[in-house]
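See structure below.
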Amino acid sequence: MLLFVEQILNGLQLGIMLFLMSAGLTLVFGIMQVINLAHGSFYMIGAYVGATVTAQTGSFVLGCLAALPAAALTGMVVEILVLRRLYERDHLDQVLATFGLIMFFNELTRIVWGRQPLFMDVPAWLAGSVELIPGVPYPSYRIAVIAVGILVGVLLYLLFTRTRTGMQIRAGASNREMAGALGVNIRLLYTLVFGLGTLLAGLAGVMAGPILAVESGMGESILILTFVVIVIGGIGSIRGALAGALLVGLVDTLGRAFLPLLLRLFFSPAYADGVAASLASMSVYLLMAAVLVWRPRGLLPAHG
Amino acid sequence: MNRKTLAITGGAILLLVLPLLAALLDEPYLVTLFSRILIYALAAVSLDLMLGFGGMVSLGHAAFFGVGAYAVCILSVHGFEGTPVLTWPFTVGGHESALLLWPLAVLLAALAAAVIGALSLRTSGMHFIMITLAFAQMLYYFFVSLETYGGDDGMSLFARNTMPGVDLADDRQFYYLCLAVLATFLFLAHRLVNSRFGMVVRGCKENERRMKTLGFPTFRYRLVCFVIAGAGAGLAGALITNQTEYVSPGLLHWTRSGEILVMVLLGGMGTLFGPVLGAAALLLMEEMLSIYTEHWMIYLGPFLILVVLFAKRGIYGWIAGGTGNHG
Amino acid sequence: MGKRLLVVVVALAVLAAVPVMAMEPVKIGMITTLSTKAGYLGEEIRDGFQLAIDQEDGKLGGVPVELLVDDDGRKPEKAKQIADRFIKRDKVKILTGIVFSNVAIAVVPKVVRQDVIYVSPNAGPSLLAGKGCHANYFNVAYQNDNLDEVVGKYVTEAGFKNVYLLAPNYPAGKDHLAGFKRYYKGNIAGEVYTKLGQSDYAAEIAALRAAKPDAVFFFLPGGMGINFLKQYAQAGLNQTIPVFGPAFSFDERLLQAVKDAALGVKNGSQWSHDLDNPANRQFVAAFRKAYGRTPTLYASQGYDAARLLGSALKQVDGDVTKTDALREAIRKADFPTVRGQFAFAPNQHPVQDLYIREVVKGADGKYTNKTLEAVFTDHSNVYVEECKMK
Amino acid sequence: MADTLLATRSLSKRFGAVQATKDLTLEVAHGELHALIGPNGAGKTTVLNQLSGELTPDRGRIYFDGRSITNLRVHKRAQMGLARSYQITSVFDHLTVRENLSLAIQAHNGHSFRFWRRAGDDPLIRGAIDPAMARVGLEQRSRVPAANLSHGERRQLEVGMALCGRPKMLLLDEPYAGMGPGGTVELTKLIRRLKSEVTILLVEHDMGAVFSLADRITVLVYGQAIASGSPEAIRCDRAVRQAYLGEGDNHHGNAAC
């Protein structure tokens, strides 16, 4: 029974990590109607800058403080140089341009940092594990990730509902021209929104550094899962991203954990393991297809 | 529109004489490279039927490409070994003749497209893109789990298929076969796009709501268009199996669908000859750049961005001028 | 095209002045993985191979060579195209370099049938050692199962009775676990196949802890291994349940990305930088001087492949058109290997000693492997009977 | 009932808190031009969308040509002869006028799963295009993409497309919106000519056009029909003046009542 609780915790932790990534993506897509395949690249930049600074200064916090602006600034530069010309253009032009960005950033990291995966360790003060539930030692770093995820969720909620900029952003989302006519500097606003989106991706990157391998191309493996999350949740809605992320995190983790046991009841162990492994990897896509067929606009669509 | 006809005839002549050119320059390798370009051009044109003319943006088109490829490879290997493919409902023996396998591959790809299309067309916009991706990834993991056929390691074809009168093993004959298949598909696509069916599909792309109030059951037409595109990709899959004599689940991965999509966009959406140019441009650049530098992606990435920013309607639009949408 | 033409003209001009028969440099085609997450593996193989050429300033076994390198991006289709180009355009007679088994399975069968010699500096899939073996195919590194077999034997001898197995869900994963089980006599606490390229292993680690094994054996190459080791250490399990694995997850460069999460882990390998023989000492010193880092086993395999070819080229005096003579010369394998001794089994895979190494923290603070003991001597592979050399 | 072409029985539709259509019972007789008027936000377009099938009502039934079409899909209703135009002209911008019309003709001339012959060469279509263009006076503009037409011409094209299927009934959604004086005269002439061919349900704000064209008028306020009858009756109806013009009892101005 403890194992089940621990797996739920693992599912939530993966969900929170996915939320950090998808909040930024759904923000950019929902508000600026821009499909940004290169979102994973800013996740990678956050991880690389975080790892490098942590290695030099020896402090994880400094690593984070360096990673966030790095991802945000790169994001804004990309927005000004490339994306700004693509707002009126077809989604497909954005797909092609951001596909080009992925190639550019992956190769850039290989040139600057070399081909070898970087090292990033869990900060000493988060290294141990805590017994949230007696008998189940849970890595305290992962609890920190969950805490950061929840904090970001609350901050975003407050930003959008309580602050003026939040209101301007939402106005810009529903009607660009009108918001512009009312004196909102749309160009600057969109640069800031994109910067915020990439900052969130950078944060997810630096948080993932100690757990996952920091290597060129790491962004693409999580990118697909992030798109699945925002589509399941409902594009453009932060609440949807949270719901989608937790759902995908749980389904993926529990699928990997309990599917083999489940199938063993019916098939021989060897055959069950093989089928379970491939079913587990398909589980996320089965989930998305089911949600889309049942609710073609996602679970919590952004605006009506 | 002489610029357009000039571009098309120029391209056609170049493709026709290429093997002779290759022999002249003592570069026999170009023949196999361009066979691959022709095959990917076929996959890109089939995607453009659905994307450029039908407005259906799919990020899972490589699934049908892979289904066609695997169908031919599995049946050929069984044909070579003489073992039955299927024994349960009825015994299905393997075969190696292209005239039997390729139509079967096209049929299987069309069947897959019908099932996936029927479910995906209930959604629209970004959700349609993602659900096609989801189904393609499911097929990808299905083939990864097929251990009897090599799983993730893929499977080699012992010998290319056989066809009366054409020796597929000879690279030059295989090149001209690919060129003939592509040319036929382009001709049929041109007819299709301007036929009554083509008009309805293009109408649905423009304004599906209006089409419904005019009295068109739009779902059926878009599904048939989706299936035709899937069948085209299945045929390209059958050809790629014979060209590389090898298949792997990698053929169905979403990055492969992304590549085919990039070829269509790079070449020029909504035109029939654009994707052929797009396929040639992308594959040639990938090949040539990698000879001169390890870091070829640092050049190809920005090139794609520049094409999007400045050549509004892709390379074909830039060369042939005029607006897209009528092939 | 222009650049290569220039090189050839210059080489010819120089050779014209030399009285010895004018020799066109022998072209060797290297298809390896330089991009994707596993890019550093290909870089290691190339650097090892290039070091051997640089030591003889552009020659191997006294014969001038030209190394053509291209990146297959870990895609079998791309590797086949590059092989095609090397053979048809550059008229290459010797190929090498492939890192991954699935790429090798796609490329080698067709290449060897075009009368081209292929020397594998890494991938040793069971298919090419058994049914698919061929006279033109040599493997200078290992047969994939070898590194797991040595760990299986060591773990049995060390008295572990209940081992938990973990590998990705693809044929090579199943091969490696089969290799381990061939020599491991105890009970299997669990056998779990994970998704290819998976990043989060929390679920598997929780299930592993619940199964309470007394040891864990895993084969997770590249980034997957890094993720697993880091998360395994964070779960505090590395203090209680020892981990074993083949050398793939513990090469020198990977250790810098994992550091003390891998401390104390024992892994099986056919080579280590601290192997005490003259060829190895010279190689490790030269590599550190040339590239400023300690060589990994991939670099040692690249270096051995180059020296093997050097010995063969010397015997056929650089004339690669006579493939039979070249094949015979390679099969003799009389070259100073960095592993002490080396010979070819009937299926032209290595017969060599296999060691158990332990990950330790070196004096200079860098993490490295220390050789513990030789578990197998002159170990061959189990696919020799299956191979009917054509 | 026999003389009625279209009838609704207590049609209701709610969007969250807003009751867009409340128990609407509407009848349009054969050959009649029935006008549906009402202040902005009265739910006129919502009614049209329910009739054309793009919106499904919460309650109530819709009868057309003697059959219940409440749950029939949009394209089936169009096939039965129920055509419509949109408040914001909805045509195919990238296609030429000729192509727009041929598409509309195609809809009612057998299925379009024909993959070989060029659409223009199909005898069923070729014969019908020129008369269709003549009917809406766009013969000279046949090669022009719809996007380049003037506002009035686009409106004429849309009406022409709606007529291509020889519909039994035409739902016109504010055709006069944004029409200049010249265009209004032209459009009134066109609609007057159409009255003999097809039954029309006209949603419109231009009172001049409504009162000169309509045989019957229904006034919709907050989704509810408050009055229905001949133009004269409606002009004097107290409830209409109250709701529409905000006047109470004083009768000044309109001597006819």
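Order of writing sets the labels: A, B, C and D. Residues in every chain begin at 1.
Keep this in mind: a contact is a pair of C-beta atoms (placed from the backbone, for glycine too) under 8 Å apart; a residue touches a chain by one contact, two chains touch by 3 or more.
Note that the structure is a prediction, hence the values are computed from the model and not measured.
Q: Count of steps on the shortest touching-chain route from chain C to chain D?
A: Contact-graph shortest path, chain C to chain D, evaluates to 2.
Q: Hey, which chain ends up farthest from chain C, C-alpha centres compared?
A: The chain lying farthest from chain C is D.
Q: Once you find the CA centre of chain B and the CA centre of chain D, what distance in Å lies between them?
A: Each chain's C-alpha centroid was found; their separation is 45 Å.
Q: Measuring from the mean C-alpha position of chain A to the mean C-alpha position of chain D, what distance in angstrom results?
A: 49
Q: Starting from the mean Cα coordinates of chain A and chain C, work out the distance between those two points in Å.
A: 36
Q: Going by the contact rule already set, what residues in chain B reach two or more other chains?
A: Answer for chain B, listing residues that touch two or more other chains: 144-145, 147, 297.
Q: Would you mind listing the residues of chain C that make contact with two or more other chains?
A: 34-35, 169, 196
Q: Tell me the shape of the graph of touching chains, choosing from line, ring, star, complete and other.
A: Looks like something else, not a line, ring, star or complete graph.
Q: On the basis of the stated criterion, which chains touch which? Give every pair.
A: Listed in label order, the chain pairs in contact are A-B, A-C, B-C, B-D.
Q: Hey, which residues of chain C end up touching chain B in the complex?
A: Against chain B, chain C makes touches at 34-35, 69-71, 75-77, 80-81, 84-85, 88-89, 101-102, 105-106, 109-110, 125, 169-172, 174, 196.
Q: Across the complex, what residues on chain C touch chain A?
A: Per the stated touch rule, the residues are 34-37, 39-40, 43, 169, 191-197, 199-200, 202-204, 206-207, 210, 222-224, 226-227, 230-231, 234-236, 253-254, 256-260.
Q: Considering only the defined contacts, which chain B positions touch chain D in the complex?
A: Residues in contact with chain D: 191-192, 194-200, 202-203, 206-207, 209-218, 221, 224, 323, 325.
Q: For chain A, which residues count as touching chain C in their complex?
A: My answer: residues 2-3, 6-7, 10-11, 13-14, 17, 106-107, 110, 114-119, 121-122, 127-129, 137, 139, 141-142, 208, 210-218, 221-222, 253-254, 256-257, 260, 269, 273-274, 277-278, 280-281.
Q: Under the touch definition given earlier, write down the residues of chain A that touch chain B in their complex.
A: Where chain A meets chain B, its residues are 29, 35, 82, 85-86, 89, 91-93, 95-97, 99-108, 110-111, 220, 224, 227-228, 231, 235, 274-275, 277-278, 281-282, 285-286, 288-289, 292-293, 296-298.
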